[in-house]
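Per-chain numbering from 1; labels A, B, C and D assigned in written order.
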């Protein structure tokens, strides 16, 4: 019996990861901006809802399968784009992608990866792959990476719009966390013209703060891929995304890492779904740690959710196998929650399955 | 003065039971599903209400007697069906039933008991007895047990509908809790064809996940007994229960043991009472630990409440006498609460005796 | 500098009293019924309100003087009836009454006192004195004490209506608190025919549980004194009190000592004031620990408040001087609060000076 | 690397200051009135709001510059008037004023300063300077100081109206805090006719408790300076301020130091803005500790905010440089918050950028 056998939920995985990661790396992954209120609120937001389970429905055949952006996924829970997997494990994004492939779900690769899009394609060609885009001040760098993703069969682009500059992350200031040059971040290396040690903030300084809604249209036109706009927190921006050709929206506050004080993603999901839910697919990330969380997000109108940190904990603890186990645990939790709610599939989940929690 | 003399409330009994039970057994009894939010919310829900006591009513003669399913009970507080009493005490369900008989209230025997319905009948023939039904995949096993209950003069069947599969109970995963084969669970032994060690989850795998509302009607027709549907948490299902011939409903979330994130039983009691309270008897369980809790549930429309864990704590600490003392303490607490609210009996309690608590 | 010089608020006095009292006595004074939720809620209720202070009002002459039941008091804060002062200090109620006299406020003597009404009259003839009435099963005992109070110039009777039987006080059960026979409770001794050791619950068993609203009228008629009904928590009972000749109401939950789960006194004050505030004087007790608390109660319609436990802490720590200092500290706090709110006197305080607090 | 390099937020600065200040001085600065509920609520109030950030706005050029009382400031965050800077640092208000000048924002000098208005003018002539006025019983003293401020080019007077008498500050009572005579408070020395040791309460006894709204008009007329009324917490008083010629209002509860139980400043800001926001400039202080707090206050209608304690922490830790660093950290936090909200400047912030937080 290995230690990992005793990791029965995502909190356990985080604890185990914390014990194997350097404090600076753990802090970089776990931390949020400012006072980390939004970070914690992401989690708390799920407790503001209760499930309304229905009984005596035949649940002998329950599936977590669903459709996202027109294609099948084994579950409405995808791998969120997160940076610098090599900090967690030497097999880096390749291990993560292989695990996503084995789990049957989507792998979303970050621009700030320690692997190139082509490497990930080679490592996990059977995975559904999406590519997350940060637009660099040097647009040529961005174009090269997007082209590589298009060529590699990535199915969609996820444009992050909430990082015109870097969040104020005090944990990194306190640990002095620096990405060492041997960590090899291909996109950053291309942007600055060579490998250098850099703080996460210094990497973010390469992002273009003049990005505009017209860039969403341009990205979709040039890549011919569906573009998801990630980082929307208001109905107003959701409508703008729709009007500028987005195929979908990821309601997100960047895991509480950009601006402390913004709402929990789940709290604004209803506002976004009401504004544009009939027109495009709405996804969300932030604070998903349980199968029941996924069910709540579906009931509030999300097509699917993405998870970031728990994947990193699995990667740090046990590489590809760790990621796979985290994904499979969450899938099983969701399957059980669907069954106990009387929903044979994600598609059966409607707003009638949740109600606001009583104040505590 | 024995230690039990100093046990003045149900919290004391739990503490004492914890000290005598093996950790795995205590965890199995005490634990809930997932993060145990629903488990704790069951308790907190009572704090969301305040009593509105009336003064200068003659309370020289207060009684806790009431009528449930057409027959008298010494109090509107019944013994909930709980599994595997032999884990708590060698005299198992027989001790519990004898205590219920002495307390003058209803004993509800679980299908997953360590005693047969006939044994309990023999041990406590004067007790009002109900039989809780899990429908096994092997319907013959269920039929045999129901027949035995009917023959033994059990007055009602309590059909549990919230367990098509087993809740995710992390305490059991951590303690590795297993029901040993010598524990002799007659129904499970019959279902699997012989005595075997099994986890609680493995026992639950024998339950039929295709159970439907038509089975409620069939059970009532075949047994000729009133059927209470236990595990209803929505008005929709309450109406379905009524329309399918149920004699009553037990609003319950299985003590927070099945799906974490569902509401506290008390929180949805008003919704169920409003939907079907004029048509059938509504009972509830979950979180009742004080006589005043019973009064709140009555004011919100419950005919009676059931208690599970406190009975097990009494059984573990002092067998039949322990159960009796727990029941009697709660009855005295209720009697005092009725008197201090100016209600001479449970029947006098109306919605006017409670109001929502101020936020704290 | 004595230790008492460092006691700057009622919390300090409680801490100091706890260190000088026997644990059983401290528990008897400090404790409440059941889980002590109402006990704590009495305190929390004041935090549900915020003051709305007005500026640039001339407050060079601020007074705390007011009128209660038609006569002057130095402040709208009276000494609540509390039992058994000899447990706190050998000079018992005589010390308390002398302090009240020196502070210029009303002393309300309990039926369960360790001094007779006549003794208190003799000790503090210049004090405004009220007499709190428990009606004994032996009505003759009650009549004798009321007559003695009438003869002694007590100005009003305060009839306690929330104690037809004794609250469930677990602290007393745990400490085994007993009132020793040498403690000499004249009323109890008269009721049982001689001095005996008794628990507080045994004393309460002498109270008449058949007391009715007609007894309120009878008490007023026979004594020719104004009768305040103490223990009202609903608008319904407030109207009954008015209709049965009460001169006033004390909104009270007996310091959280009778039925756990009833509302904080302050929470129901508005409901009572709205029902009968134009017809009679409404007072309240429960949780008053600061001058600003008094101001909030006045703004919500109370004519005055009573304090119990803080007086006992002062008595325990330093006898008459201690009570006087507690009363004077609270008076000074109220005076400062009035000044800083722009209210030159208690009569200037209206509902416009408070607003509900924001949720925290 | 000095210790100050590791001070990344205002909490850090407070911790560092606490370690260098005498306990009595720290308590005097940090403490509030009574139970310090208002003190803490000032801080919590900001958590009752969430930011609504807008994406894909060009934020390559973000400025924190703004206009207050018709003149430019580098940011909508000014130095609040606080007493007795010499307690924190030997360079006293002169260091603070120099830092404000270097930061490009307004320095508001307290009447209870350890420097005269003229000294501050001489030390930081280029700073925008305002003078806070306490009106002494001896009006001549006040007139002399106001004249000195007028002569020194101070741009506005800030009349404190919430201190007709001193708040009940228990920390000072416990530490026995006394301002030593060598601390030289020029205004107080003038008022009492010579240097003496005094408690903060004794200093406040020199203030005139008969101050009235007519004094606001007189002060404006005589000084020919715009007068801001500081300490308003109600719409009623805001209208009176406007009607008596105030140029602006500072919504303030004196940092929770005067009357415990009054609302957080931020909580009543909307009420004041609604009442008079079209007529005059509304500022606020109390609990501002983050750049995002400033943004919330602006969204709720404040023209600017003032900070008190964080400036003192900077002064105590590192004198002028410390104050400058605190101010600059907050300015950078605000700049980042504006950028991440899609607001190129303070003027772009409207009510659409905030929403009430979900209950937690």
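Note that a residue touches a chain if its C-beta (ideal position, glycine included) is under 8 Å from a C-beta of that chain, and two chains touch if they have at least 3 such contacts.
Since we're looking at a predicted model, the values are computed, not measured.
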| item | value |
| --- | --- |
| Rotation in the CA alignment of chain A with chain B, degrees, nearest 5 | 90 |
| Of all other chains, the one whose Cα centre sits farthest from chain A | C |
| Gap in Å, rounded to a whole number, between the CA centres of chain D and chain C | 42 |
| Residues of chain B whose C-beta touches two or more other chains | 359 |
| Chain-level touch network, classified as line, ring, star, complete or other | ring |
| Residue numbers on chain A that touch chain D, as the complex places them | 34-35, 37, 41, 44-45, 48, 161-162, 164-165, 167-168, 170, 173-174, 209-213, 215-216, 229, 231-234, 236-237, 240, 258-264, 267, 359 |
| For the chain D and chain A complex, residues of the former touching the latter | 6, 8-9, 47, 49-60, 290, 292, 296, 333, 336-337, 339-341, 355, 357-360 |
